[in-house]
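To keep things simple, chains are lettered A, B and C as they appear, and every chain counts its residues starting from 1.
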Amino acid sequence: MISTAFEYARAATVDEAVALLGRDEDAKLLAGGHSLIPALRLRFSRPSLLVDIGRLDDLRFVREDGDRLAIGALTRHAELVRDPLLTQHCAVIAEAAALIGDPQVRHRGTIGGSVAHGDPASDLGTILLTLDAELVARGPGGERTIPAAEFFTGPFDTALEHQEMLTEIRVPKATGTYLKHVRRAHDWATVGVAAARVDGRMHVGLTSMGPTPLRARSVEAALADGASPADAAAHAADDTVPPTDSSASGEYRAHLARVLVRRALERL
Amino acid sequence: MENLPLEGALAVTFVRSLLAHANIVGIDATAAEALPNVQVITAADMDLGPFGPPPFPGLNPGMGHPLIAVDRVRFVGDIVAIVISDDRATGADAAELVSVDYDPLPALVSPHDAAKDEVLLFPDAGTNLATRTGSPEHDEKLFDGCDVVVSGTLVSQRMAPCPLEPRSAAAELGPDGRITAWLSTQTPHQDRMVLAGTLGLDPAQVRVVAPDVGGGFGAKMLNVEEVLVAWLARRLDRPVRWTETRSESMVALPHGRAQRLDFTLGGTKDGKVLAYRLESLQDAGAYPVLGAFLPNLTGLMASGVYAIPRIEFEGRSVVTNTTPISAFRGAGRPEAAQTIERALDVFAAELGMDPAEVRRRNFIPKDAFPYATVTHAVYDSGDYAGALELALRSVGYDDLRDEQRRRRAEGGATQLGIGISTYVEITNGIDETEFGEVEVTPDGGAIVRTGSFSHGQGHETTFAMIAADRLGMPVENVTVHKGDTDEVAKGTGTYGSKSTQIGGAAARLAADKVVEQAKQLAADYLEASPDDIVLDPALGRLHVAGDPAIALSWADLAARASADERLAELKAEHEFKSAPSFPFGAHVAVVEVDTETGRVELLRLVAVDDAGTLINPLIAEGQVHGGVATGVAQALYESFVYDDDGNPLTATFVGYAFPSAADLPSWEAVEMETPTPLNALGAKGIGESGTIGATPAVHNAVVDALAPFGVRNVDLPANGENVWRALQEAKA
Amino acid sequence: MTKIALTVNGSHCEADVEPRLLLAYFLRDELDLKGTNVGCDTTSCGACTVLLDGESVKSCTVLAVQADGCAVTTVEGLAQGDELHPVQQAFHERHALQCGYCTPGFVMATVSLLKENPNPSEAEIRDGLEGNLCRCTGYHNIVLAVQAAARAGA
């Protein structure tokens, strides 16, 4: 289908992008475009202005910073897959990125774009939540760091203010795994489960089990109390509202969450 | 038609209903027409009656399909207004601005509910029944003598055909008053007749050109959009062009399947089937078209490859507030095979007998052909036992059962399932005729003009091979022309897996006529008697018998004939009509089921598909591959679903689970050829066989994997959720 | 309207386009390169796949304005005169196309796949083509064609 009409401006710097967003309350950022352009084509999104940040190449990086890694918000999924630092120190991100969409999508989609879209079906959103990542945003007032636990506020809604953009994501070095159940290879997760050991504790995150990516707190508490993976996994669907849609019912999703949490924990 | 350079063409955008069932109170196009050069047309501006003629007699006459909704919309996607604009983007913008005031009505989505006739979708028709076939009579004694009687229900779920090219149409009124319509269709000649009839024109005033068409699968036959495009070209006296979006196609291009089958099968404890009752409830969709008649084919093919002495069949087609159902790869025959193959497996399970063995005990024997079933199908040739043995050998059946036993003993979370289907299907199912013409060109090559219309089936190669073989020309010198009703005099088009057996046969017979005529001409030039002229096909020369030195090559003959203005003597046509033929086969599927998540992985699919003589094995195998993929897709992935209000939930490729290469294995297609006596080629059709054989094999494999858990059935598609539900139900 | 300048199949071109114009439609309608096909609305089918700076992308999910300053290769840019690209040749020889509508997308996706993974296993090929849909071929011959192209050093 054909999008509604909009204005277009290209930002040469982050500050310029922030300023352009301030121009219009219906302005949106365009990074890889693989969350936004599908929404435009179906007319689900009708921005007045697109601010293209796709050329901000200094936001494409993966750097080591002590016991953490810093990932530029415009790093593409395909780059995450191949990155040697990620593969060595936080492989769960590289593994999850390899499961997003298909090769063509991965050549364009960015981690920042994917996460800022606030999709409860976002694999990377769940991973970052599970890792207790920090998301760095720049706005007219300067820079701030948003903990992942505060970032996802609702379906397609994040803590980012209208005039803020993500610049960097900081993750701990951690061992982890991501299991993604799909109907077809390139589908969104019916259910996704991330498990990672962070600061000696096991964190578990869930994709497509509610209005945002979720932490499976009951599972984590059970593990902290010494429960086995199987016993802890029985709590996987606690406090979740898994949706019923054309892919699956909420009931089946809850069941999948329990199975996949157990398998993820057993794998680690 | 976006590839057509059509000077000054206007863009056509259809405004479609977002409600499944509603009265139209009013349409306000003011905001839309405020956009530059936009015009909006509604039923009030049109003077055309319902779409006609109806495809077959027997449809409830009160359920006619208007070209555009007049006062009521009946499915999400029903056309309510037409936007004319200079370009597609403006058309999309304007279409959104057309404001339609609806008075919603309750939507009927379930055929089961529709069949109760409590809410009538066409009140004047007095019923929701569009048509029926077979008999509702039940013989109390049908299952007398049966030691075992099993029953069940199979829902052959609604599918969307999903040709990769959505539909496109363009039309232009010529200065001579003739309409030329370019259509993405499978049936250019038939379309021409219907366009002429609907627009009140002499067929000579209508030309249809079907250029390259990106897939059809039975769904691309004339629908309301094409008629409207042609009508608009005349009304506006400007060329017009329309291309549907995929989301539009998912609701506006007719769907397939959507039959609910209730079966009861009885037999002896030795596994001999004695009786079979099949009741089909076909969802016809909002406006009954070809799909309403598919139960006729389901009933005809109900007994499959088995010699079942007593069969009862009833088919009913009812209207609902959903996309109309038409033919989709298999069209009525997958439903028959899916059910009898499931029933045989349920019967086998009840007897504790291997499903292959049960089948062996019931096959129509190899020497029984032509074989008339009690459902009045006359099968031309077949070797069902042979197909099964070949398939079982190819897959390594005994080894697989051994491995299955081992894994069951080990009790792991993933288990193996092996499923068999043995099927027969009907091609050229309504005894059709096809046109073929062969013409020798001045340079000594040939043109084949065919009424068949290849849209991926490779007739350009196959028919060229057939003609080249008969004429004795190199195949590179023969070209196949199709799709333009001005160039090809007649045709029926391509569907029903009939093209090679009637179109190819017609081309062959036309080529043979040309050879005979060439002999006459050569006799003149060589000053011999025509009876003494022979064709040496290997060298492509006509010569005096016994004296090959006195010869004319095709190039020589054509050159001389051309110079003498006698080239027309090297042109002939033939129309070939044939009874239906019955390809058959056996498929074996091997699946691995994760019994914790329910996820099914298809590991292998061995397909034996016997379609008689194969002219081009590479092309025939390609048809099997594609057919099998669609059959597997129905078994494991796809289902077009509505909510209770008639809103489609799977109207994009995100929601609708059309599988990619990553979701499917490679296929093991095994050749088998049992020729048919019905045409000189010995060829049957193959286009739909793969689909028909694959779905039941995979379905049976999934149930087989879950048998130790007490599962007797899994709903289609047998995806993770449906497997999980079946396991839950079995535990309860 | 926005001005863009880019290279398409090695040729420089400039245009003034609406921001909402998709790269796929820019190629088809402005440059008359009809080989790139649009088959869906949801970035699912891959029929529109082209190379953008050497990597496969779905041109229906890229705005023409985003391609400013980039190099685009469409299926028309593969053959050298009458000589087909090895991937095209392999698809032809293996009967890896029937109606042909999805084929340009598969060919471009294959070119990109083999560039990144010159010797893929069958599983890697199937996964590598998960972004392309075909209704006609059942994918079997497409996989064989990719393997043949890989052997030919495509």
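By definition in this document, a contact is a pair of C-beta atoms (placed from the backbone, for glycine too) under 8 Å apart; a residue touches a chain by one contact, two chains touch by 3 or more.
Please read these numbers as outputs of a predicted model, since none were measured by experiment.
Peer 1: Check A-B against B-C and say which one is joined by more contacting C-beta pairs.
Peer 2: By the number of C-beta pairs in contact, the winner is B-C.
Peer 1: From subunit B, which chain is the farthest off, judged by mean CA positions?
Peer 2: A
Peer 1: Report the inter-chain centroid distance for subunit B and subunit C in whole angstrom, where each centroid is the mean of the CA atoms.
Peer 2: So the centroids are 29 Å from each other.
Peer 1: Compute the distance, rounded to whole Å, between the mean C-alpha positions of subunit A and subunit B.
Peer 2: Taking the mean C-alpha position of each chain, the two centres sit 43 Å apart.
Peer 1: Residues of subunit A that contact two or more other chains, please.
Peer 2: Subunit A, residues with two or more chain partners: 1-2, 4-5, 42, 102, 184-186.
Peer 1: Identify all positions of subunit B at which a residue touches two or more other chains, and write them in rising order.
Peer 2: In subunit B, residues 89, 245, 247, 652, 654, 658, 660, 662-663 touch at least two other chains, as defined above.
Peer 1: Send over the residues of subunit C in touch with two or more other chains.
Peer 2: Touching at least two other chains: 18, 20, 41-42, 44, 127, 130-132.
Peer 1: Going by the contact rule at the top, pick out the subunit B residues touching subunit A in the complex.
Peer 2: Residue positions touching the partner: 88-89, 92-93, 96, 245, 247, 596-599, 637, 641, 649-650, 652, 654-655, 657-660, 662-663, 719-721, 724-725.
Peer 1: Give every residue of subunit B touching subunit C within the complex, in rising order.
Peer 2: The contact residues of subunit B facing subunit C are 2-3, 89, 161-166, 212-215, 217, 245-247, 455-458, 618-619, 622, 624-630, 652-654, 658, 660-664, 666-667, 690.
Peer 1: Would you pull the subunit C residues touching subunit B in the complex into a rising list?
Peer 2: Answer in residue numbers: 18, 20, 28-29, 34, 37, 39-42, 44-45, 47, 95, 98-102, 122, 125-127, 129-143.
Peer 1: Under the touch definition given earlier, write down the residues of subunit A that touch subunit B in their complex.
Peer 2: Those in contact with subunit B are residues 1-2, 4-5, 42-43, 102, 181, 183-188, 190, 245-249, 252, 255-256, 259-260.
Peer 1: For a test of understanding, state which residues of subunit C touch subunit A in their complex under the given definition.
Peer 2: 2, 18-20, 22, 41-44, 46, 49, 52, 55-58, 60-63, 65-66, 109, 112-113, 116, 127-128, 130-132
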